[in-house]
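Chain nomenclature is as follows: A, B, C, D and E, assigned in order of appearance, with residue numbering initiated at 1 for each chain independently.
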Amino acid sequence: MSTPILEVRNVTMTFGGLTAVDDVSFNMAEGEILGLIGPNGAGKTTLFNVINGVYKPTRGNVVFRGRDITGLPPYDVVRLGLARTHQIVKPLNEMTVLENVVVGACFGAENLGLEPAQYVAEEVLEFTGLLQMKDELAGKLNIALKKRLEVARALAANPRLLLLDEVLAGLNPSEVAKMLDVIRSIRDRGISILMIEHIMQAIMSLSDRIVVLNFGQKLAEGTPDEVANDPQVIEAYLGDPEMAKRILEEEEA
Amino acid sequence: MLQIFSSVMDGLLIGLVYGLAAIGLTLIFGVMDVVNLAHGSIIALGMFFLYLFFGAGLHPYLSLVPVAILGFFFGVIVYLIAVKRIISGPPLMSLLSTFSVSMIIIGIGTALWSTSPYNINFKVETYNILGYTVTSARLIAAVAAVLVTFGLYFFLYRTVLGKAVRAVANNREAAELMGIPSQQILAISFGIGTMLAMLSGALIATLFPFTILSGGVYELKSFVASVLGGLGNPTGALLGGIILGLIEGSVAPFIQISWTNVIEFVIFVLILLFFPTGLFGGRK
Amino acid sequence: MKFLKSPFFWIVIAVSLLYAVYPKLGNNITLRETLVLSAIYVILATNLNLMIGYTGYVNFGSIVFFGLGGYLTLWLIGGYGWNLYAAVLFAGVVTSLLTLALGFGILRLRGAYFALATIGVNEAVKDFVSNFDKWGGSEGIFLPFSTYKSMGGAVHALWTVYFLIIGVMALSLLLSWFIKRSKFGLGLFAIREDEDAAIVLGVKAPVYKAIAYSVSAFLPAVAGGLYFFKNGSIVPEEAFNLHLSIESIVMVMLGGQGTVTGPWVGAFLYERLRGLLLTTPSLSNFHLVIAGVLLLLIILFAPGGLMGWLYKRWARVRGVLE
Amino acid sequence: MSALLELNGVETGYGEVQVLWGVSMAVEQGRMTTLVGANGAGKTTTMRAIMGIVHPWKGAVRFQGEDVTRLSAHDKAQMGLVLVPEGRQLFSDLTVEENLEMGAYSPRARKSLDENMRKVYGFFPRLEERKRQKAGTLSGGEQQMLAVGRGLMADPVVLMIDELSLGLAPVLAQSLFATLKRLKDAGLTIFLVEQNVHLALALSDYAYVLAEGRVKIEGPSHEVARNEEVREAYLGI
Amino acid sequence: MKKGWLLLLLVGILGIAQAQTVKIGLTVSKTGKYNVESVNQLNGIKLWQQWINGQGGIPVGGKKYKVELKYYDDESKAERVQQLYSRLISQDKVDFLISPYSSGLTAKAAIISEQYGKVMVATGAASDSIFKLGYENVYQIYTPASRYLTSTVDMLKAADPSLKKIAVVYEDSKFAKAVATSAREYAKKAGFDVVLFEGYPKSTTDFGPIINKIKASGAQALVGGGHYADGATFARQLFEQKVPLKMIALLVAPASDEFAELGDAAFGVVAPSQWEPLVKYQQTCGPSPAQFTEMYQKAYGKVPAYRAAGGFAAGLILQKAMMEAGSIDSAKVRAALDKMDLTIFFGKIKFSTDPKSHGLQLGHEMVQIQWQKKDGKLVKEIVWPTNAKTSDLIYPIR
């Protein structure tokens, strides 16, 4: 088997007394789509921040394409071909859509000059269906387009691995469908994807495998089917159907 | 030995007054994240308000009361005109809007009182304690600074309104949800911060001569003191003021006086760089 | 040579030539002295804009560059007999390098903390220089009149300095323009909009910021050298006048931060306005008040400045005036 | 009988992005009403629009028969329309007791401050144990207790809770819900946003399902719970 | 016919030319930090203009030149000074210049006057260093800083030959530092022990640290100071802190009448002054000190301070030089100034012609004043030099 594109080894991240990520390990194969799910506050976004270098983990390592990138600042991580999007979109508001994507292309893996970056950006915008609004200010886009812009910017960096943080949240079904198409075609380009998502239908159908986090710990890992039928997962994430009954019973007792 | 003792005592006494000025600055920053660049000119205004009441025949220490009341309302007005609209904007906006208030105050002040120095001439006793000479004005100013600080603490920790100020500082939206009228509280906080600045100005006026431009020096000292103590932390600001006074007092015997400022500002920048939340913890 | 096709480039050249030629033709010294002041303002505002407008960092103590440049220049000329050109270049380079080093430190601070630190740096330098005997301490440095004689007499020397200052003004504008259209500028704008996002997109923010800070120091330092050479002397309060720092911010805001034309127009208008207020007897007592009210109105109601307002009205202006 | 709290065709959003597209709801006196829906469906925005933190662009909010659409959040809170916001939003630098006291800021609630304080401590004895501690130092569960307790201190006519069990261990969530049930049984009107659909539907009387900023389904909770459509839209399996 | 008209016109022009004017330009700090001093100085200059124009103008080479003053507000700011002096020379075409108030502004103006070869009489500027930069057209009226406190030291030595320890404490400004530095050298030569030599920053209002140092040094007398505000404060705090000094001599502040407002703190304080209304110089031209004082009082309703006298003196000296030169040509007037050696109501006037210090004032001397009590009221008395004194020095004061 070839080297995994990403290895997360025993990563722990604490803030003050709070442990946000607790000894999490998993591997990702080249070309894979790996879903990362778990209740709010389970540490998913923190884990993303550790992987792309926003945080330096308290313990553990992140290895990208065989190279230890633990503690490398995000701008160096992008250079190596690991790009990401943000759950809470961070558009460069006062810049146009095109300029936003040009930033991604300029400072991404290829380290392009302004002019070639322009071509890459236009190509990415076309691919993500944003081309006709390339001269709009990014701050004026609606949430769906902003999400797509996040993806376009990350894609312009020409990554080998893309981290997608809830790119479907807040989109309506037709927008979700469009975004899913975009994600599939990204995969078809040979880019590996690690994605955090809440919309189960989507993540179940897209992912090759799924990792479930709960209270910072890895709760389960496996194919969508395996995970969906794991009772622990159902309880932690979907809510325990028995709990209500217990409350009602307690009340009566 | 006596010189060092005298210097340290002098530093401590004046440091309390610096601390009071710094509390005014840091309170406003703590509650609404606004660095008030009108702070210095407001201090100067406090000096002149005292001068006016003194000129009208009121005893300087009695004049502190109307100065405080005037200061509070002045602060509320400044808040409503210049700060309210931009309070959620980027920091540059509040820096510049308070700076423009400063320009307006200094402009009007210059037109009214020119830039020449004024004095509060009243009877000052001199005491000699173990060879250390101290004037009643300095002692009273220091004591008044401590009393006002205690008053502020009582207000912030023992009254509902004071607790509401802290609540708004902590989480404006949650306060609003709990029925606390946050805009009113912000205006009140700005008023109190302004009042403290004016009071410290008035106390300084009982010690030293002043011009409408005098505030600048104390504004810079307030910055240093509040950064030392951690921006947004009133106790820290008082301690920062005392430390500043002690630094001034204790280095004086050993170096040329004119180097004191260099030392102060170098400490200021170093603290900002290496302890951005100050020595006693401030807001992030 | 794509820039040769841009109307903006030619506007800068034309205005600078007009600045240079007009007073010379009429041998109008008064106008020259007025324009020097206006040019210095443009230089300060334009370079400050690289930090405030492009990078989003509010530098309240930008005047420290101007003052340091002035001190280094006069010290080298007065003490070591350097010629003016070598001295101002050296002053510019040294100031830039010092700023670069400083930048790696204080640019870790954001928002109000950075602004306060820059005030602290300016005041620390001012007080240090006031005590620094090699630079004359509080007495400052005075140039012997013979310095001007070696430049073909004082009249000639002062004209030369004037042309140089106009040159620095043109350079400032062109530099500001080139940066805006460069990859470097793109990185800075990304930092201004959202530094964390920029870092994640691959912008080496710490390095970019420090370089922008350092670049914004170079031409003001050169201008400081020229200006104080023209004055023939330098003292700490004039060199590190915090007020002028803040006035520069007003100019940037007045014209519109983040644009190339904004600080230029803002500086020009501010100088005119100040002049008008000061020379009108009924207003001169209130010039500070009027300037303050004006600034407050801009902040409260037109935070984009003049250019922001123009862009909103006539989007096409953007194509000609950067 | 007209409802205690009513929304009529409320539309709102952030900047130019519209989130709610004509939401109408009614919260009846003495009932527990719940609002469920996917992430991003607009539940929190609905709560914020009711309070006036986000201003409704169109439509009206009526409380106790009065149009309160244009009132500010603190005015509504003083009238007894109280929201326990998502993410707790405690005054982390204030002590537990001070937080509770701030809950009772409005003149209406301050009258019964002591009595309410006793009640809250009765519900959450842990809070009394820690009343001198700063709120920021509490554990997640204690913080949620304090958030609810602070809301109760306001002497609410309607208590709105946004994401009660978010990020809480199941045991803690369970005990909080048990408390909520007791409050409801004591006659308090509750309006709940909850991600744990099973629980929310099992405990509440009436439910609204929100999707894409519109109310998709409404009805008595036990009916909504049996609705396959809901399971599909929300749970995705 | 036409020729007749032209002739008439020509005669007309010549007729006007007969009543000639000489234009003198300067800037005044109507606003800013030098406002009070500068306006005082202007009052003196204007008084001179009225006085000489009242006599029909300055008699130069058989013609009479009326004096026209042209002045602008420099806001006490350097950048305005250069702009305005350029304007005075190139646009207003003035014939001669008088300096702005203060050494700092004068230095800026000097560069402009020098590059156009215009003569500038400097008043209100006591710096030595301006005159060591190689200027050829600038002439100083005031006693330069280096000699400000030297006569104070002489006076102290005369009053108490046994006193040894003195402190020199000065404001850290160009002027005061220069004064203090030369005072220290002079005192050392005179056999004093300078136990403390220290500057304080310009904006100082709290002299506590300085006073602690003075006490620790064991100094018996103090010379120093800076400008008005700091000097007054310093004197007050020295008094409040009961510092045991036998003599206190401060620059500038005690020379002002407002100093009396300090009350008991003012008592005994000594100051060097450029000029006092009570001086008894025997002038060789122009009004006597008493006449000047009377004229000034009539015009402005108050006793002239030395700055006003300096203003008048600046005009008078320019006038004298023009008369000597018999021309208003700059080069000739410059030559006349170089040769000048006379005594006016302001004192003796003689300029250095050494190229290394051209224009520096050599002749004029300071007088020493002391605040004393007469009938319970504070009054300024001249106590030095002995031939000019109105009262004896009170020594020691504490």
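Everything below uses one rule, namely that contacts are C-beta pairs under 8 Å (C-beta built on N, C-alpha and C of every residue); 3 or more make two chains touch, one makes a residue touch a chain.
On a predicted model such as this, the values are computed, not experimentally measured, just so you know.
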Co-neighbours of chain D and chain A - touch as defined:
none
Among all chains, whose Cα centre is located farthest from the one for chain A?
E
Mind checking the centre-to-centre distance between chain A and chain E? Centres are C-alpha means, answer in whole Å.
78
How big is the gap, in whole Å, between where the Cα atoms of chain A centre and where those of chain B centre?
49
Hey, how far is the Cα centre of chain C from the one of chain D, in Å?
54
List the centre-to-centre spacing of chain D and chain E in whole Å, with centres computed as mean CA coordinates.
79
What parts of chain D, by residue number, touch at least two of the other chains?
none
Note: chain C residues in touch with at least two other chains are 127, 130-131, 138, 285
Among the residues of chain A, which ones contact at least 2 other chains?
none
Set of all touching chain pairs, with the criterion as stated earlier:
A-C, A-D, B-C, B-D, B-E, C-E
Which stretch or stretches of chain D touch chain B in the complex?
51, 53, 72-74, 77-78, 82-83, 85, 89-94, 98, 101-103, 105-106, 109-110, 150, 154
Once bound in the complex, which stretches of chain B touch chain D?
160, 163-164, 166-167, 169-171, 173-182
Touching residues of chain E toward chain B in the complex: what are they?
32-33, 35-36, 172, 198-201, 203-206, 208-210, 212-213, 215-216, 228-229, 232-233, 240-242, 261, 263
Chain B residues touching chain E in their complex are 2-3, 6-7, 10, 14, 114-117, 119, 121, 124, 126, 128, 133, 135, 204, 207-211, 214, 216-217, 248-249, 252-253, 256-258, 260-261
Within their complex, state which residues of chain D touch chain A.
15-17, 38-40, 163, 166-167, 169-170, 173-174, 177-178, 181-182, 185, 195-199, 201-203, 212, 235-237
